[in-house]
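In the two complexes that follow, chain A is the common piece, with chain B as its partner first and chain C second.
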Partner chain A sequence: MAKSLAELKAIREKKIDEIQLRHGKDGYRVVVGMATCGIASGARPVMIKLMEEVDTKGLVDVTVAQTGCIGSCRLEPIVEVYNAKGEKVTYVHMTPEKVTRVVDEHLALGKVVEEYTMTVVDGKIIDPNVKG
Partner chain B sequence: MKELSLHILDITQNSIRAEAMLISLTVNESSAENNLTIVIEDNGKGIPAEKLQTIADPFVTSRTTRKVGLGLSLFKAAAEGCDGFFEITSILGVGTKVTGSFRRDHIDRAPLGNMADTIVTMVMSFGEADLFYEHNCNQQKFIMDTREIKETLGVTSLNELDILNWIREFVKEGLEEIMEEK
Partner chain C sequence: MAYKRSQILICGGTGCTSSGSMNLAKELKKELVKHDIIDEIEVVVTGCFGLCELGPVVIIYPEGTFYSRVEVADIQELVEEHLVKGRPLSRLIYTEKGDGHHPLSINELGFFKKQKRIALKNCGVINPEDIDEYLGFGGYTAIEKVLLTMSPQDVINEIKASGLRGRGGGGFPTGLKWQFAHDATSEDGVKYVVCNADEGDPGAFMDRSVLEGDPHSLIEAMAIAAYAIGSSKGYVYVRAEYPIAVKRLQIAIDQAKDYGLLGNNIFDTDFSFDLEIRLGAGAFVCGEETALMNSIEGKRGEPRPRPPFPANKGLFGKPTVLNNVETYANITAIILNGAQWFASVGTEKSKGTKVFALGGKINNTGLLEIPMGTTLREIVYEIGGGIPNGRAFKAAQTGGPSGGCIPASLLDTKIDYDNLIAIGSMMGSGGLIVMDEDNCMVDVARFFLDFTQDESCGKCPPCRIGTKRMLEILERICEGKGIEGDIERLQELAEGIKASALCGLGQTAPNPVLSTIHYFRDEYEAHIFDKKCPAGVCKHLLDYTINEDTCKGCGICAKKCPVEAISGEKKKPFSIDLAKCIKCGSCIEACPFGSISRA
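Here is the complex of A and B:
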């Protein structure tokens, strides 16, 4: 493991400026539900895709994190996007393909991808697919 | 679950909820013994003896967001459906150990799947907690210890994209190496 660890250290030293930038407080915080329900319905590839997209598109002020079961297991995989004010947009039935669009439009340009979101009517969660 | 690595990811989330600071994951694969065994051990707060009796019952859970707990039940069913066994032992204040053993060539045994993605997702969710991962495949061994990585880099958390990418590649390559037919 020693040799490869030295290599990681070198990569890291090169990127140190970027890493300091990353801890800005203005960016989005993206949270993926990672309990049994999420994992069984495909949260892991969603998480990995999110990680890759945020990295390759250089969105240095976006942080990616995980949470447990949000309570709407039938809508998993669920991705929540919080802005700097703490306002939340919930994306449901996520796939790696949908992640690309959320990153390109929401995280990069601030434009919510309405058709992937969950809508609440009279306290009831309406799946966007049956909204009509 | 479609992959055993998804069960692993799922069960380690229990360890995090139990406030474990060290999670040890061991995967042993042996063609000679026709066996695949997964052991997940943590130093979390442990489970009281009376709860341990019913822990793999799907209608038992400590969560409040829903009424069923499926993680351990699914893992137990997967192992027992492959001529294997499931075992959970725990000591309050010391930690918990979960074992799932499978007949390796059983037709119903799910593939191990993408361990690199599971490890990276685990590390992301661990915060300051550490992972010791040992994978043995027919006498060949792969080891990854996040304590060693943190010490080398002088950091307390590995939740940075460049570190995570490196871990993913490191695990992928390490496992390819030990799984090569020799």
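Here is the complex of A and C:
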């Protein structure tokens, strides 16, 4: 089918998002722990939700990747968000529902969702669910 | 799911395809299905990345990790490590010689750092069989700009101002060529645009790579040329020996027709353009423009005298623009970025970049694109990664059978059209063959003349007979039967052929001989007067001897000798019967003690 100029433009815009990967992205890099521990505690649905959200919210600068065991298996599923400088924020005990908020606030607006993060006190990891 | 978190680019150029890249693609998809990540990772087969030496090449984005020499057996581990666990597989990451560092992105590689990619901008980046990818990279916006906002003369002025010169070898200003065809009148209004993709130089594959990696850029550029000169019909003349290029170009033409980017009234304007492929049978002379047009017309591929030039009386007697693939590959970038931008790259009289196919005695065999004015030293040592096995650079041959050899003393020559001609070579279409101290320059000259003599169409006597006589003299020099005066005879014949041959093939055929005599006369003299080949190549001039002091008498050489020329008693030094020896060199390779030498 012959394409009109507007149709060509639409194809271009759709493709640009997909091809963006090959230019290298300068936005957030989100890494999901997908070792046995992560998968067993439900990392896969977290990752799928993450990809869906990043896609539907049109965050073309964001990279989604998976990684192996991060080391704190009891805190899985773990999602780590790196900014362009390589600084990271670690979210623990993630669920598909929590992902939506991380995408909306952290990835879209740059606002860290403090209550989902891992907090470190005197070198000891404090499970955010265990208050006090 | 539409979202792709990662894209795996596999090189589908001819080099990597022949080293098995298509099997990799199949295996990759199988592994991705096995791990249930096929929906989130896209496998893209692209054109040539340029580092053919390291093929098959796989690049994984968004990281841009560059994996080289990947085998089917590696795929399982690669998918598990990089894509499932997110750990780059350093075992397969290309590391530049000597540093042991595994660069995590291709942008770190020296091979790519010095390059500037205009003609090859999409090669190895997009899937050449998907028009949508080309569109995504800004494809067909140049023709849109041309048809909707520019007059034909505007287009020609832009190309003229850019300083673009023909990349096929001669270096004629492209804008001027288009102007001549624009101004020429045709009684029935018919004009043609033709693309010369009959790449015949031994070792050259620039045009093939563009056709394989970015065929739509050629289609778009030819449509722009057609609009500029007032044509509605184009032909791409490509040799049948390029099956992948032909297939991808045909797919691209079909897709462009489907999208209405070829055909009648493109973008609802008055401009119509149709494009067809014509296959050549692989005769070198058909790369000469008049012979090429004869071949398209269905006649014998022989050149015809010029003038009349194709711009006035070309294909089927009509005004014709004929450019090479790489020339067209620069057009869309000039239209989109402007003539000023293009002219800011390169030297005073040679603007833009040039693609070279780097081959011979070089570490990074492959395809590269450099700004005009880059020195030969930068190409050989920084992009090419130097000479293998610690050997010394001796010469570089540019321009294929029509060019000349550049010696080490001229390594700092800035490469452009005029500088290369000044030192007795030429740009040619972009073959660049590096030679080290093991190459005999007389033998190199003999090789190229053997090629041109074989490919001479025979229409004009200077080329048909002259190259034959030159070849005979070179052969006798290599056989140790050269006589005093042979060098002068070669030079006299060369000047005569250059002055009187009908077409470019004959006029340039003597160049390799003249330039090697000019820079390496001592080697010719050693062959003729001392009956020695200093590089140890011409086997008639070599004698093999066994060193009696170091020979242990093991007899391995005697077993390997195909003509039983070596004999001796066990544990005593062996000897070679020179009357029987055919100088094949098998004994040198076989000897565990390095006791056999040739001189």
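Following the convention adopted for this analysis, the second predicted complex is superposed on the first by the 107 of 132 C-alpha atoms of A that agree within 3 Å, B and C clash if a C-alpha of one lies under 4 Å from a C-alpha of the other, contacts with A are read in each partner's own complex, and residues count from 1 in each chain.
Assume contacts are C-beta pairs under 8 Å (C-beta built on N, C-alpha and C of every residue); 3 or more make two chains touch, one makes a residue touch a chain.
Since we're looking at a predicted model, the values are computed, not measured.
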Chain B versus chain C as contact partner of A:V64, first or second or both or neither: both
Chain B versus chain C as contact partner of A:C73, first or second or both or neither: first
First, second, both or neither for A:V31, with chain B first and chain C second: second
Which superposed partner A:L109 touches (first chain B, second chain C, both, neither): neither
Partner chain in contact with A:A40 - chain B first, chain C second, else both or neither: first
Partner chain in contact with A:M51 - chain B first, chain C second, else both or neither: both
Shared contact residues on chain A - chain B and chain C: 1, 5, 8, 11-12, 15, 19, 22, 34-35, 48, 51, 54-55, 64-66, 68
Touching residues (chain side chain A, partner chain B) in the complex: 1, 4-9, 11-12, 15, 19, 22, 34-37, 39-40, 44-45, 47-48, 51, 54-55, 64-66, 68-71, 73
Interfacial residue positions of chain B with respect to chain A in the complex: 1, 6, 9-10, 13, 17, 63, 65-66, 69-71, 74, 114, 117-118, 120-121, 124-125, 143-145, 148-149, 152-153, 159-166, 170
Touching residues (chain side chain C, partner chain A) in the complex: 1-7, 9, 40, 42, 61-62, 64, 83-87, 105, 107, 125-126, 132-133, 135-141, 144, 258-261, 263, 267
Touch list for chain A against partner chain C, complex: 1-3, 5, 8, 11-12, 14-16, 18-19, 21-22, 24-25, 31, 34-35, 48, 51-52, 54-55, 63-68
